[in-house]
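Working notes for the structure below.
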């Protein structure tokens, strides 16, 4: 039971990180009609910049600095590349994001190399123990920060004019334009929000005992099943999908290690993703798209 | 010029490499009036609307010549958002509400450019809803689940949330039952009486001409006939030849 | 639209591309001295290809490695070269990228006698079919049996499996393990082929040492980001010593998570699992962390290192010292030994060099004990040395090189 709780806690903490990344995917997909394959590299950039600034600045300033850099990068990519390609069709845009992903990855390798770096988390290696279960501070921080960020996002989308304008743009672009909503600005806004989420995810992805390495970008791939399971256009779906993937990975590593060459927990999220695609193609929470009368 | 709410000069539009959709079109909506823009399918009515509101790029269209003025301001180079700020609003053909958003949110989106404060927003909404009492009870309903008539009301109401001086309505009667068409007609008239100038695109000529002061008939991207609503109404040929739509019950003088 | 397109694109993106085509050359001629000569060989010189990262992500380390090799060539050339021929390094920049490696290889393949180094399993995978088709002898810097078993590929230094097996043996000795006083060991490895080889080396070593038993062998998927399950399994098993067949970022994950859960065994890693930059995140957790390393460092006082330092002073006086120069130097030694033997046998064709590599003995002059390359699919040496971790993450030697019976037993059992 203790083991189950221990793994469950870690699974939720990891799942929250996936949720933040998945949310970024969903917000960009909804807000600008693109699937951004470079998002994982934005996560990596976030971690590397925090790490680079940490020795020189207080942690919170390093974090803010990374947000500035990563958001600027996202906006640059959005404005110079994607907005120009928008009328060339989705496939072109998505392939362009793949290209951007490769470029940013190469840039990271050039600046920081392939080697393993230190941790970039906001809290160290400390733990607290509750009833035999060890709760690492990094895990607690991950969960608390994620919940705060999710709540802030909820307020943003439900209660602010920009949030409403973003949802309107996601719902019907031409109608949004007709209301005087600048959809170019909305595309940029959705990318900026996704970039902020990427940086938040990155510091927890690089929290002790995890370290920064270029493979951090690959974690975004693990968030793709989360996105599909939850539903491409559902914010709640992204969170639930992220938690499902995190729990499967950590609980699976504990309880399924004796089956399938120990790879079951790695494959299972993808199996679940395919299952969802077959049974419920719009994801657990995705909308089928309400008919326009 | 300044007594024109909307003035369009020598407007030509083409879609990609395709043939010209509008060819040197000139048209005016005097302040406080309803002007009807009539014509068969494919005449270029919606294209004109898009050229005025700045939505052509969405459809791959572009201006090849011409100028658009709203309240004496040249808006030809403005983005759609700029034009809305100047005082232009459009209800798109086929209603096009935000289906996933509630009625209240649809309305709020319509007021987006005005950056209303809370109290202000409530006040404007009250005024708009005054024309659409039916929507009052549906505020928290997702717009996608409304009936066609309700959606049309919502689309017009949403456009009114920016308190426009000029309102563009693209076929508001499209696909609605005669009874509802009548309600829509009354609402348009009401809105106009409160001071909003209206360019009304319709295939239902009888309905449009029953409330308009002036009318243009469009065919193949050109104005083929223009005149006061009374003149056009009096011309049987126009109704049967160009428009071919039976008059709405109680809406016109022709039985 | 998006929903349908993404899976398709995702699959497309995951399909790796690899190019083929090559340039084997069978032409040979006899030299003035009667030595048969293949591609890349004339009466005056022997061209050797170096495929490493000169401008990519690990260029700093890789260029140092290459330099170690080049100054070895310079030293030999100054003494008259190999049978009167100068060794000329032909450098191909892989940028640590599969596609670039293939291009760089094709650019030089028709023009070199052998590949003196190809760096990284990624690059080796990219060109291994070309190497086989071109019958090109090559030495790989990716120290494991999986690479070693590729056709035409030689690994002239002890592999990580040897390091791990020797680590088990060392731990057993340290603990004074016996039937009466058993030592519980465990391994943590990946689920891939490399991981399986590392785990089986630990198993075989434990099998060979009385009193040592393997009590847990948790594995991790290469994408794993949380190691709670693996560490819980280790802790549950009560393992006193854990052998790490990990990559550096996983080393941090396992050791760090264990510290958080209050589990503190003795850790022993292969040299591939350690990276000096881990000293910072794992600060305070490395008291019982040891690295079993297959060759020495610049601080060693042995003839080989002295020679290397002299050569560096002579031929690359401006180069900053780097441990990577040591590895490169050793590959240079092996290359020179192979070419010398081939020449003595009168055959500097690729076949001749391949023949020379068989059972080739290379004396590394104390940097690591002498090796024998065997048939190319053999362990060349069972020697390694234990190191503790210095304050900056550097390796601090704790004794001499030794080849444990346990490691040899593992090798014999596998026919290496």
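The chains carry the letters A, B and C, assigned in the order they are written, with residues numbered from 1 in each.
As a convention for this text, a contact is a pair of C-beta atoms (placed from the backbone, for glycine too) under 8 Å apart; a residue touches a chain by one contact, two chains touch by 3 or more.
This is a predicted model, so every value here is computed, not measured.
A.B. asks: Comparing centres built from CA atoms, which chain ends up most distant from chain A?
C.D. replies: B
A.B. asks: By CA centroids, point me to the most central chain in this structure.
C.D. replies: Taking the mean of all protein C-alpha atoms as reference, the closest chain is A.
A.B. asks: Per the definition of touch at the top, where is the C-beta contact count highest among chain pairs?
C.D. replies: Pair with the most C-beta pairs in contact: A-C.
A.B. asks: From the mean C-alpha coordinate of chain A to that of chain C, what's the distance rounded to whole Å?
C.D. replies: 36
A.B. asks: Could you tell me the distance, in whole angstrom, between the mean C-alpha positions of chain B and chain C?
C.D. replies: Those two chain centres are 74 Å apart.
A.B. asks: In angstrom, rounded to a whole number, how far apart do the mean CA points of chain A and chain B lie?
C.D. replies: 42
A.B. asks: Quick check: in the complex, which residue numbers of chain B touch chain A?
C.D. replies: Interface residues on chain B, with respect to chain A: 53-55, 58, 60, 79-81, 83-85, 89-90, 92, 94-101, 105, 108-110, 112-113, 115, 142, 144-148, 151, 158-159, 162.
A.B. asks: Using the touch definition from the top, list the residues of chain C that touch chain A in their complex.
C.D. replies: On the chain C side, the touching residues are 1-3, 5-7, 9-10, 13, 56-58, 60, 96, 191, 218-230, 232-233, 236, 247-249, 252-257, 259-262, 275, 277-278, 280-282.
A.B. asks: In their shared complex, at which residues does chain A touch chain C?
C.D. replies: Listed in rising order, the residues of chain A that touch chain C are 3, 6-7, 10-11, 13-14, 17, 29, 33, 35, 37, 90-91, 94-95, 98, 109-110, 113-119, 125, 127, 134, 136, 205, 208-211, 213-215, 218-219, 221-222, 224, 228, 232, 249-251, 253-254, 257, 261-263, 265-266, 277, 281-282, 286.
A.B. asks: Show which residues of chain A lie in contact with chain B when the two form their complex.
C.D. replies: 87, 161, 164-165, 167-168, 170-182, 287, 289-293
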